[in-house]
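In the two assemblies presented below, subunit A is common to both, partnered first by subunit B and then by subunit C.
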Partner chain A sequence: MAFLEVKQVRFSYDAQTADAREVLHGVDLEIEEGEFVALLGHNGCGKSTMAKLFNGMLLPTAGKVLVGGLDTSLEENQLPVRKQVGLVLQNPDNQLVAGIVEEDVAFGPENLGVPPVEIRRRVDEALKAVEMYEYREHAPHKLSGGQKQRVAIAGIIAMETKCIVLDEPTAMLDPKGRGEVMGTIQKLNREKGITIVLITHYMDEAVQAGRVVVMDEGDILTSGTPRQVFQQVEFLKRHSLDVPQAAELVYRLGASGVKLPEIPLNEEECVAMLRRYLAGRAGALS
Partner chain B sequence: MIADITLGQFFPGHSMLHKTDPRVKICLIIFHIVLIFTAGNFFSLGLVVLFTFLGMCVSKVPLKLYVKGLKPILFIVVFTAVLNIFYGTGEPLVQWGWLKITGNGILNALFVSVRIVLLIFTSSVLTFTTSPNQLTDAIERLLKPLSKLHVPVHEFAMMMTIALRFVPLLLEETDKIMSAQKARGADMESGGILQRIKALIPVLIPLFVSAFRRAYDLATAMESRCYHGGEGRTKMRVLKLGKQDVFILGAVALFLGAFLLLNLWLPPAILR
Partner chain C sequence: MPVLETKDLTYQYGIGTPFQKTAVEKVSISIRKGEFLGVIGHTGSGKSTLIQMLNGLIRPTGGQVLLDGKDIWAEPKKIRDVRFRVGMVFQYPEYQLFEETVWKDIMFGPKNMGLSENEAKERAMEAAHFTGLKEELLEKSPFELSGGEKRRAAIAGVIAMDPDVLILDEPTAGLDPRGRDVLLAQITQYHKARGNTVLLVSHSMEDIGRTADRLLVMSGGHAVMLEETKAVFSKGEELEKLGLRVPQITKIMQELYKMGCPVDPATLTVDDAFGQLLPFFKRKEELR
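== the complex of A and B ==
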């Protein structure tokens, strides 16, 4: 049994009213413990709704979401589910509660009724894990976007959840902040074995995941390793989805007659591939 | 420009008063204010002045800052002093028609102005040495007994914490919206009061809309982090009375003894 199970989930906002619109049409998804999954899709495809379904902030209109075997739709499972699945939102300013970094990180464990000495230990550890320990006594509004988002992540780590769902955590950050946050996420997944569900529309972030799930119009379009998914440039483009820039370049070269053996995922691979290709050409010419 | 306003005017430092338990500080400050207003003769007033001054020195906050805090109140001090001079009872020293100045009036004016100044200094000692978060924390703990009477103490404290957290954010946002509206040709600096208030409407409406959006996000984040009210909640920071708290309490006890002695044994200098 997978850690996160989404079974035939349908979801509509305002389900009771006449103008209900369904945003998810029977989604099936399984995520194993320790996985790093990127959920891709363009705006309005239902990926943010998925994020809130994972920890029971929203409940499916039909179907089931199971977290470690617990049904999120049952009232008594609400807290146990949220103890296992933490949620990080897009806007770093709106999700910090307290006026001091370390007190904000302590907010989650305080809610869980953890003894004070243990909270202190968890807070210090969480802040060190996101490399924000030196800033523990700062006010959040004096930090940069990337730093704030890392504090928000530390707030979830301190609760010792098994899984962190991040809903476009880098959308409001500059490239530097984006790099910091992605580095932190990678590290948590590798070193602490925390399950990561990263919702994003940046292709170069999705490439870093172990598995990519592409959503379109309330359904899962395709999924697989980044390499498998981004090979299908044509297919993704038909659904007006982007591909990483390197993949795009090689795809276009292919269209104009320069055939490379496969689609690269990042700049380095692309450069290496082009270099090999050019060397081959030079060899053929001389 | 707006972001310069610092709420509570906390002045971070490591003095003895900074380390004192905020609950102790709140109680002592209230107690001290009562003493300031019961000091009836020059000796007890002098003692209160001395003690306030001592507190200001121990706080290690530059005296300049205290004086700065006095400026906006200066008008009130002068105003009440002048009123008191003319409202004294007893034999007039000088008299123009119905206006008269008596010795008692002058004394009254002196006492009132000294008291107001001391009041400002004393409360500044509290706000300068205690962070807003510590203050909320202390208030929550001091009011805890009230929760037995179903007063939502925890909820109030949580609201205060969140409000303090969002003050700088909303100020920053107001600044941004004002610039945005100015860039669109809004005029906020000319015209009469009425016109200026009207000019604020296009600032306030977007501010409110965004505040509601923030509140919705914040609620999601708080619930995701298992917030379910004050029940079964623990605190990372536990307030405990330490050595310096006992020391300060001792100093205050001595002060109180001296104060009572002076205030009761010596005759009052002003009539009430």
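== the complex of A and C ==
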């Protein structure tokens, strides 16, 4: 059984009213424990709705969402589900509540009724995991965007959720802040085995995931490893998605008759491939 | 004559408190009339404080801002006129929509400038056209629009004031790739058609690379570079030390250049890179 199971889920905003608008049209998706999945799609494709369905903030209009086997639509499952799936949103300023970093991180476990000694341990550990321990006594509003997002992530880690869903966590950050947040996400997935669902518009972030799921018009279009998905340059463009500049360049050279073996995912791969090609070899990546 | 000029422009927060901090220090730059200037710098580099001083939203604690050669604070009572002439689109401007209809929202600026209802309407129409807002949307409440449409309506509200200088702070943040491409194309189009000055603040080096003529790089409150975009992006190592980077395509072309390929190491767009590489690779292909 997968950790997150989305079964034939439909969702309408303002269901039961004349303005009802269905944004998900029978989605099926399974995410295993420990996976790192990137969810892509243009604005309005339904991916943020999916994020809110994963932790029971929204409930499906039809179909089921199961978290660790628990049906999110049953009231008695609400708290157990939120203990397992934490949500990090785009704007860090809307997620930090306390005047001191460590108090902010403690907010979640306090609400769960965790004993104080245990809270202390969890807060310290969570702040160390996101490399913000030295800032534990700082005021959140004085931190940079990347630092604030890492504090928000620490707040989720302190609740010891098995899964973190991040909805465009780097949209408001500069390149350095984006790098910090992505580094943290990778580390949590690899070292702590936390399941990650990352919603993003940045293809260079999506390529870091183990699996990429592409959505459009409230349905899942395709799913696969980043390498599989990003080979389909034309397909992605047709659905208003982008590919990294490295992929775009090689794709266009290939379409004009230059025999390059595959689409590179980043600049290093692109350069290595072109180097091998120019040296007279076929240029395959591995 | 430059349209905007700063002389030893300085801003300190919290003067006389323990939190005193210099956000912008002795910045002397000159912005050319009609140019498309990109502004980059990591969080805390002072770029937001700088642009807020350029349109008189905050008053410098030292130095001057000259608009067409005149100190904008020479007559503090006339600072409103400066704000009409130097239009500012903030980050996430859609949160500032408030009127009953999109029309009224876009007309708010021009009417505040003292234009008649008809003139304001004309300006609003033109601005809506520049930002690609369809006419049928104008009668709606701004809150009925999609995120991308709201963003356009908010930008149109500033364009409708017909500013000499338009400053946009991260106008594409949170938009999807297509929304971003369309909006950037519209801004470029607007710049060409009006010939006025545009300042684009962005964290996306790819976006900056394909739009800006020149680049201002801010770091630690100082203006550390102000040069042609190509010249700035050929200094990859210096940029990395400042927490910035060059566009991915530029990086690739620099590596190819180092390998001895006959390419321009300061290539800024995929189109340009493709145009240079295709003939070269075609020849290689034929030799096989």
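One rule holds for everything that comes next: the second predicted complex is superposed on the first by the 280 of 286 C-alpha atoms of A that agree within 3 Å, B and C clash if a C-alpha of one lies under 4 Å from a C-alpha of the other, contacts with A are read in each partner's own complex, and residues count from 1 in each chain.
Basically, a residue touches a chain if its C-beta (ideal position, glycine included) is under 8 Å from a C-beta of that chain, and two chains touch if they have at least 3 such contacts.
Predicted model only: the values in this text are computed from it and were never measured.
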A:Leu127 touches, of subunit B and subunit C: first, second, both or neither? neither
Which superposed partner A:Val101 touches (first subunit B, second subunit C, both, neither): neither
Contacts of A:Ile196 with subunit B and subunit C, given as first, second, both or neither: neither
First (subunit B), second (subunit C), both or neither touched by A:Asn43: second
Contacts of A:Pro244 with subunit B and subunit C, given as first, second, both or neither: second
Partner chain in contact with A:Ile220 - subunit B first, subunit C second, else both or neither: neither
Contacts of A:Lys259 with subunit B and subunit C, given as first, second, both or neither: second
Interface residues of subunit A shared between complexes with subunit B and subunit C: none
For the subunit A and subunit C complex, residues of the former touching the latter: 41-44, 90, 144-146, 168, 171-178, 201, 204, 240-242, 244-246, 248-249, 252-253, 256-259, 266-267, 270-271, 274-275, 277-278, 280
Complex interface listing, subunit A residues touching subunit B: 52, 55, 57, 79, 82-83, 86-87, 89, 91, 93-100, 102-103, 106-116, 119-120, 123, 139-141, 152, 155-156, 159
Parts of subunit B lying in touch with subunit A, wherever the complex brings them together: 131-133, 161-162, 164-165, 168-169, 172, 213-214, 217-218, 220-228, 232-238
Subunit A partner contacts - residues on subunit C that touch it in the complex: 42-44, 91, 146-148, 173-179, 203, 205-206, 243-245, 247-249, 251-252, 255-256, 259, 261, 270, 273-274, 277-278, 281-282, 284-285, 288
